[in-house]
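Heads up, the next two complexes both have subunit A, just with different partners, subunit B and then subunit C.
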Partner chain A sequence: MKLKVGYIEIRDIMTADKAEVRDGVLYVDTKALEAIALEDEHIKSVKFDVARPGESVRITPVKDVIEPRAKVEGPGDIFPGMTTKVATVGSGTTHVLRGAAVVTVGKIVGFQEGIIDMTGVGADYTPFSATNNLVVDFTPVDGITAHEYEAAIRTAGLKIAYELGKLGKNLTPDETKEYDFPSLMEGIKKYPDLPRVGYVLMLQSQGLLHDTYVYGVDMKQSLTTMLSPTEIMDGAIVSGNCVSACDKNTTYHHQNNPVIEDLFSEHGKTLNFSAMIITNENVYLADKMRSSDWSAKLVDYLDLEGVIISQEGFGNPDTDLIMNCKKIEETGTHTVIITDEYAGRDGTSQSLADADAKADALVTAGNANQVVTLPKLDRVIGTLDYTEKIAGGFAGSLESDGSITVEIQAITGATNELGFSRLSAR
Partner chain B sequence: MGKFKVVHYINQFYAGIGGEEFADHKPEMRDGVVGPGMAFAGAFGDKAEITKTIVCGDSFFNENLAEAKKTLLDMVRAEKPDVFVAGPAFNAGRYGVACGTICDAVREELGIPVLTGMYEENPGAEMFKDKLLIVATKNNAAGMRDAVPKMAALALKLAAGEQIGASIEEGYLPGGTRVNFFEKERGSRRAVDMLLKKMAGKPFVTEYPMPDFDRVEPNAAVVDISSATIALVTSGGIVPKTNPDRIESSSASKYGEYDISGVEDLTPESFETAHGGYDPVYANADADRVLPVDVLRDMVKEGIIGKLHDKFYTTVGNGTATKSSKQFAAEFAQKLKDDNVQAVILTST
Partner chain C sequence: MVLTSLKRTLLITNNPLVHEKYADKQETEFVDDGFQGVLKAVRDHVHEGYRLLTHPLSGSVKPNENPYKTVLLARSFANTDADSVMLVEQCIITAEKFEKKVIHDKHLHDLQVVDLSLISEVLERNRAT
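Presenting the complex of A and B:
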């Protein structure tokens, strides 16, 4: 499968009567976007706001971050099975409004959501301090369930990002990259001497605000399966989770999966990127055993020499991670795992909830329990009402001067386990 | 700003007194630098000064531990340095243990920042690397040129009370404390590079060596469950409504002890979950799903178990450090024992 991705650089977002991209500025028509959000009967109202890099702005509680993309040529459309028809994506041409993001904000269950600071020390920990963010703050109609509300926000966010993405469809990209993911046999013929490498992407699938969707399928209802990495670039995987936001993959992270990017950069040079496997992280032991068995079976069948396994989340999914690693190593395949740590606020506790001697090659995205004090910022988009209840917050987190002291696990993307950022620990 | 004051500890060999035959040399304190102190003085420049050097024989230290420690602590106390530096000991075993022991004592008892240096296989490194900053050195004195600049830089940071970075940045042996820092390459790139090395059979360094996992053997089965008092303990975060003790939704710093005498059923009006790591909707609708009080009450009535203990213990397992969990459990396990509870049902989520 071949995908050409054209990047259109966005350096600012402004509201306007006419939606368009002009000279690197994304002009958004919030009235039209509001109408799209309100198509869902569960949403009472929406507020739009723009947060730019360097501004004294705090966004919280964050649900998802989505990059606007458009399918220019080739089958299917962005977010297949979610907000567009089911059809295999991942080939042809896709345009990206790079530097822009849609950030959805809402208070679904009263805790567990992320923080994005656009400046100050908090900005160092989140990649979304570097994007121009169109923030959409949702209010639900009265009396709907948490599950209905979550689905409504998730879908509306995707639709808004889709709408913005379309504005880049007919533009000339500033940069174009080509991703070629050949069939198994083609790859072997083309690179007979290179080690065949796969990627096992673990997806959070533990229930409300802990789910991930693949072509519209709730991943907890799927067995371990395969797809082309280019499909993921076209929005085949979307996020439905944000709890302990530090190590949850937003939709943006999926669209820009760095492991895929870095494997492609070595593809045909030092390795042959041969397989993209996705698996889930369910809460039941039987599911964990079955899914990790399946990951190992696929790796063994494909006769891969090495795989990278990335985790999503911590604690309970540490078990899935170790099961995947151990079983894949037992097939004779080398593994490297990417995870993060919960070593306590003082860093002296054991970092993982499960361990095995076979997990001898580990990349860490840092200790999520590290405490950080985020200064008061001039403007809050969303609300600080839940600061002490979010994962990573505690009694006393919100100071009277407006600063907040939290573990970095409260910050969206701080210890992302796709290896999206540079934070680590020793 | 004045210079920081440094006290340096070395053994009889590095003081030029002699080798093994002089190893019972008694502790003495000299003014200024002695032996490797010269190199440190050069590295400190005008930022710090070694005002005193303490010399002690390795055998004397290790064979007269209490006396040596007391004498040395008195010397350091009298001088009140900003930082105490010992060694480097390279791979000299008794010297390494002495450096580690005296550093630990100075830090613990005098509250003065300390630093030493040794080879990773020095027995003193194994003993103290979880408690002290030990700069990694080569295995013999030829590594002095390498060790001194690293130790001097770190000593200055310690004296100034600056934050110490991760082991890989500062050059100390990784110990029991995990420290965050920003790498040059993002994680995914490091993973690809590590995999390429691993597949090629080349050396690579994992970023977190697997811990020795603390596995607990279950106790023997309760002989007669029909007369036993059973308690409920959960990491599922079930708390009385409004979470009176404000147990955190993740990374809990505490546990709760709550009375359920007379409670037949946990209702949505009276109990909820504080846990942030799972879909709370079903636990909030009926907390018995996580903490099965209703079922155990039935079992008491049916004569299957003797009694349900009047109190339950609860915390949030989500992102909570295993060290904290261990400490909570040690406390309430004692309370359960004191209350003559025979068995505990532990529920997670």
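Presenting the complex of A and C:
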């Protein structure tokens, strides 16, 4: 499968009567976007705001971040099975409004979490301090259930991003990249001497606030399966995950998965990127057994020589991660796992809830228990009412001067387990 | 081995919503205690011959943020299930390292809803199969 991705650089977002992209500025018609959001009977009202890099703005509680993209040529459309028809995506041409993001905000449950600071210390911990963000704050109708509210915000966010993405459809990209994911046999013929490497992407799939959708399918209802990494760039995987702000994969993370990006950049040079496998993280232990068995069976069948496994979330996904790692290693395939750590505030506690001697190659995305104090910022988009309750915040974490002391797990994307973050070690 | 027959399963919970919804549908033990209290009750049952059907650290809301926990077990007809013993002990250790947090009463219902959702996904799906 071949996908050409054209990047249109966006350096600012402004509201206007006419929606368009002109000279690197994304002009948004909030009235038209509001009408799209209100198509859902569960949404009472919606508020738009723009947050730019460097502004003294705190956004919280963040639900999802989505990059506007448009299908220019080729089958299917962005977010297939979710907000567009089911059809295989991942080939042809796609345009991206790079530098722009839709950030959805809404208090689905009282302890909703996720902070994006556009400036100060907090900005260093989230990649979304560097994007121009159209923040959409949703208020639900009265009497709505948490499930209905989550689904409404998730869908409306995707539709708004889709609408913005279309504005880049007829523009000339500032940069174009080509991603060629050949069939297994083609790859082997082309690169007979390079090691065949695969990627096992684990997706959060436990229940309310913990879900991921693939072509519209709730991933907990799927067995481990395969697709082309280019399909993911076209929005085949979207996030319904709202908890664990630091290490959940937002839709934006899926669209821009850095493991996929790096595997493509080494493809044909040091390795042969041969397989993209996706698996779930369910609550039921028998599901964990089945799904990890299936990951290992696929890896074995494809005769891969090395596999990268990335995790999403904390706690019981550690068990899925170790099961995947151990069973794949037992097929004779080397693994490298990517995770983050909950090693206590001083970093000395055991990092994962599970372990195995076969997990001997690990990349860490940081210690989510690390504590930071975020300064008071001039403006809050969303609400701080719940700050002491968000993951990583603690009693009294909102100080009287407006500063917040939190563990970095409160910050959206801080220890992202795809490696889409700014933390590194010296 | 039958995994899905609810007749052989035991639900251990401290979540009133879960108790309300499932107590008359299947064997349910209500634990009037916190997160760790539930895990310890689970551990005791595992030593009595039950095995885990769901992961004790289900959910990514951290153990010190959600006081509610529900775990599904199955009666085991063999000896004590070593995998279950190790898993629940590991979960107790993991949960203990999180610092205590004050949880506001106004959030309790939402936290119950999330815990209920996680276990419902398991019970409803496996009831249907």
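Following the convention adopted for this analysis, the second predicted complex is superposed on the first by the 421 of 426 C-alpha atoms of A that agree within 3 Å, B and C clash if a C-alpha of one lies under 4 Å from a C-alpha of the other, contacts with A are read in each partner's own complex, and residues count from 1 in each chain.
The rule is short, and it goes like this: a residue touches a chain if its C-beta (ideal position, glycine included) is under 8 Å from a C-beta of that chain, and two chains touch if they have at least 3 such contacts.
What you see is a predicted model; the values in this text were computed from it and never measured.
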item: Fit-or-clash call for subunit B and subunit C when the two complexes are aligned on subunit A; value: clash
item: Which of subunit B and subunit C A:Ile338 touches, first, second, both or neither; value: first
item: Touching partner for A:Glu399 - first (subunit B), second (subunit C), both, neither; value: neither
item: First (subunit B), second (subunit C), both or neither touched by A:Thr319; value: second
item: Partner chain(s) touched by A:Lys288 [first = subunit B, second = subunit C, both, neither]; value: second
item: Touched partner set for A:Ser351, first subunit B, second subunit C, both or neither; value: first
item: Partner chain in contact with A:Pro258 - subunit B first, subunit C second, else both or neither; value: first
item: Dominant toucher of subunit A (residue count), subunit B or subunit C; value: B
item: Which of subunit B and subunit C A:Lys220 touches, first, second, both or neither; value: second
item: Contacts of A:Asp12 with subunit B and subunit C, given as first, second, both or neither; value: neither
item: Contacts of A:Gln204 with subunit B and subunit C, given as first, second, both or neither; value: second
item: Clash-bearing segment of subunit B, relative to subunit C, as chosen among 116-124, 206-214, 242-250 or 332-340; value: 242-250
item: Overlap of the subunit B and subunit C footprints on subunit A, listed as residue numbers; value: 109, 111, 146-147, 206-210, 243-244, 283, 314-316, 342, 344-345, 349-350, 353-354, 388-389, 391, 394-395, 409
item: Residues of subunit C touching subunit A in the complex; value: 3, 52-63, 65-66, 87, 90-91, 93-94, 97-99, 101-104, 106-107, 110-111, 113-114, 117-122, 125-126
item: Interface residues, subunit A side, partner subunit B - complex; value: 109, 111-112, 124, 145-147, 195, 197, 206-210, 243-244, 258-259, 261-263, 265-266, 270-271, 283, 305-308, 310, 314-316, 334-336, 338-339, 341-357, 359-370, 388-395, 407-409, 416-426
item: Of subunit A, residues touching subunit C in the complex; value: 109-111, 146-147, 204, 206-210, 220-221, 243-244, 248, 282-286, 288, 313-317, 319, 342, 344-345, 349-350, 353-354, 386, 388-389, 391, 394-395, 409
item: Residue ranges of subunit B touching subunit A (in the complex, touch as defined); value: 166-169, 174, 176-192, 194-196, 198-199, 204, 206-211, 213-214, 246, 248-251, 253, 276-281, 317-324, 349
